[in-house]
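For reference, the structures are reproduced in the following blocks.
Consider the two complexes below, in which subunit A is the common component and subunit B and subunit C are the respective partners.
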Partner chain A sequence: MSIFEYNGSALIAMVGKNCFAIASDRRLGVQLQTIATDFQRIYKIHDKLYIGLSGLATDAQTLYQRLVFRHKLYQLREERDMKPETFASLVSAILYEKRFGPYFCQPVIAGLGDDDKPFICTMDSIGAKELAKDFVVAGTASESLYGACESMYKPDMEPEELFETISQALLSSVDRDCLSGWGGHVFVVTPTEVIERTLKGRMD
Partner chain B sequence: MSQAVVDVPPKGGFSFDLCRRNEMLSGKGIQPPSFRKTGTTIVGLIFKDGVILGADTRATEGPIVCDKNCEKIHYMAPNIYCCGAGTAADTEAVTDMVSSQLQLHCYHTGRVSRVVTALTLLKSHLFSYQGYVSAALVLGGVDVTGPHLHTIYPHGSTDTLPFATMGSGSLAAMAVFESKYREGLTREEGIELVCEAICSGIFNDLGSGSNVDVCVITKGHKEYLRNYQMPNPRTYVSSKGYTFAKGLTGFRFLLSHEDGCISISRCSWCLVKRF
Partner chain C sequence: MGDSQYSFSLTTFSPSGKLVQIEYALMAVGSGQTSLGIKAANGVVIATEKKLPSILVDEASVQKIQPLTTNIGVVYSGMGPDFRVLVRKSRKQAQQYFRLYKEQIPVTQLVRETAAVMQEFTQSGGVRPFGVSLLVAGFDDDGPQLYQVDPSGSYFSWKASAMGKNVSNAKTFLEKRYTDDMELDDAVHTAILTLKEGFEGQISGKNIEIGIIGTDRNFRVLTPAEIDDYLAEVE
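Our next item is the complex of A and B:
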């Protein structure tokens, strides 16, 4: 089995009209045994920047701690928050540095950039950036997620509709994946507010 | 007295500190991950006034298409561009790195960069990693000595050619070039031939797909034609799309942060309904 299938994960980020949404599942497992049903995969870097980390959970946590460290240093030196594009380049560089002994992690980065324009991006485990204008997915359920998002996504959705769409896409896909699921965690971020919701899904 | 180890940001280059752990994991039967590759068809040809580069836009992760419209023609210098095939992270990192080195060299010498400079920087980097940095490149540009087109293989060998193809679709594209290429093509003929070669890769090679990107470089001028041809539009798009009524998805907990204050509002409890 692949190293990515050790813990199991599912992550989506979608772009809406002047907003974005980022969602993850909540299961943490050790191969086929579930050991936690409230595992946090999406972390806040600053008010307008979120990162979700799929893959091996230990590497996700270590990588998150290194990124927070680098971002805090940046805040001290520059006296401002990092732009999402800059943060994506930072994550890409940190991952590529470990090219021959990588972190087993696939990040999904979502943020509001200049003029509150939504920005989403994902990378493979060695930092190859994929910038998308519509949606990005990562995790063990990624094949189902691609299919669900491809059909359910529409451009320029309002925050409420975006929430519904991303939740339906996430829950439909994780139902077809043994290693992810047990509900969902959705953040919908607009320039003025952040709404965090927990979804109830199939608990198997 | 205990010694504290401070994790300072490293000075650059590769770091190998997770290698032992990863080897231990693969010893236990856990396969390493597959990296994003750029399946790819990339081509270049020299025409009357300069160089034309072309590439498809599909990025794959195993059998899945992870990016339907990625950029494979990378900027090196105002007069030099490079197409990349192979592991996506490697092509992006190596072209970015050499592009920065070229710019520093340009400031140092006070002259416009030459294609052979980029070539030497790339080939020596790739050779020193003995093929482990898996980047196959088609480098093209126009400098004071004229138009140049080179291919660079992951192990560091290079060729200088009038027309070149690389990537999984290279055979399909080379077939087109071998039958239709001639010296002294005009700009329009050159672009048409490049598009035909890339389309041949797109339609016949499973690792290549989506759209055609073209870059035309002439003396003192360059034109990056992103998505020059889009021969794979999405057909049968449902005009209505899927709509989900508000309140369809049940959520357990609503926490909203508005301008710094947190409020917990009504909890709605219902099973998730599907359309």
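Our next item is the complex of A and C:
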């Protein structure tokens, strides 16, 4: 079994009209056994920047700690928050540093950039950035996620509709994947507010 | 006084609390050719005398004002070779920042890192301080900025400043002439007049150097022909 499938994960980020949504599942497993049903995969870097980390849970946690460290120093030195594009370049550089002994994670980055323009991207475990205008996915359920997003997504959705779309895409995909699921965690971020919701899906 | 006994070692404080080597480095700066910088409302200008040791020197090959990035330039007073080393290091730091963040380095960050290099050379074994003070001019998201960096590694943001031989006269002149709402062209004229104050001999486009950066965020050194145009306007 691949190391990326050891813990199981599912992540989506989607762009809406002047907003974005980022969602994850909540299962933490050790191969076939479920250990936790409330595992957090999405982290806040600052008010307008979120990162989700799929893959091996220990690497996801360590990578997150390193990124928070770098971002806090940046905030102190430059007296401003990092732009999402800049943060994505930083994550890519940090992952590539470990080119021949990588972090087994696939990050999904979502944020509001200059003029509150939504920005999403994902990258592979050694930092190859993939920018998208509509949605990005990661995790063990990624193939189902791609299919679900492709059919359900439409551009310029308002926050409420975006929430419904991303939730349906997430839940229907993780139901087809035994390693991810046990509910969902969705953040919808607009320039003025952040709404965090928990989804109840099939608890298996 | 007791200071002279402590003047041989860089890394030893004198009883009066000074690092005498740094004081001497500042003297090296003070006997260098005059340079100055003026921050306008819509840009920054830096300028320096370019007195060459002989008429046989090819003045086009001497470049005292150098770009560090496309939107940051620098001029110095003091020892030319030390300046070249600092320019090299600063350019590398700017590019390392870009490689990491894919974003142009802000002026304050580059100044801070350059100052940190200069400070390192006041606290390490077997090295001496840099014999230059730098005037860094840049334009970024925070607008036009002008910084002076000293051999000790301390840096200051200035609206207008001068360094080198004629520093006190130049600063007095600038204090009188400076206004907050100056435009870039006015600042260039003021810079030329300030240099003229202490200039020995006939000033021309061949014996001064001027670098400007405006809202286009492109630092460039003026050609001798352009400088002559400005000189004609000033007269």
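In this text, the second predicted complex is superposed on the first by the 204 of 204 C-alpha atoms of A that agree within 3 Å, B and C clash if a C-alpha of one lies under 4 Å from a C-alpha of the other, contacts with A are read in each partner's own complex, and residues count from 1 in each chain.
Methods note: a residue touches a chain if its C-beta (ideal position, glycine included) is under 8 Å from a C-beta of that chain, and two chains touch if they have at least 3 such contacts.
All values reported here derive from a predicted model rather than from experimental measurement.
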item: Clash or fit (per the criteria above) of subunit B with subunit C on subunit A; value: fit
item: Contacts of A:Glu193 with subunit B and subunit C, given as first, second, both or neither; value: first
item: First, second, both or neither for A:Gly127, with subunit B first and subunit C second; value: first
item: Touching partner for A:Pro102 - first (subunit B), second (subunit C), both, neither; value: first
item: Contacts of A:Glu85 with subunit B and subunit C, given as first, second, both or neither; value: second
item: Touching partner for A:Gly113 - first (subunit B), second (subunit C), both, neither; value: neither
item: Greater residue coverage of subunit A in the superposed arrangement, subunit B or subunit C; value: B
item: Geometry of the superposed three-chain model: angle at subunit A (Cα centres of subunit B and subunit C, steps of 10 degrees); value: 60
item: Which superposed partner A:Arg77 touches (first subunit B, second subunit C, both, neither); value: second
item: Touched partner set for A:Phe163, first subunit B, second subunit C, both or neither; value: first
item: After fitting on chain A: smallest Cα gap, subunit B-subunit C, Å; value: 7
item: Residues of subunit A that lie at the interface with subunit B and also at the interface with subunit C; value: none
item: Subunit A residues touching subunit C - in the complex, by the definition given at the top; value: 77-78, 83, 85-86, 89-90, 93
item: Residue ranges of subunit B in contact with subunit A within the complex; value: 7, 9-10, 13-22, 25, 29-33, 35-36, 59, 61, 64-67, 70, 87-90, 92-93, 132-133, 241-246, 248-259, 269, 271-272, 274-275
item: Subunit A contact footprint on subunit C (complex, rising order); value: 99-103, 106, 108-109, 112
item: Residue ranges of subunit A touching subunit B (in the complex, touch as defined); value: 1-4, 6, 55, 66, 69-70, 73, 92, 95-104, 122-130, 132, 142-143, 146, 151-152, 154, 160-161, 163-165, 167-168, 171-172, 183, 186, 192-201
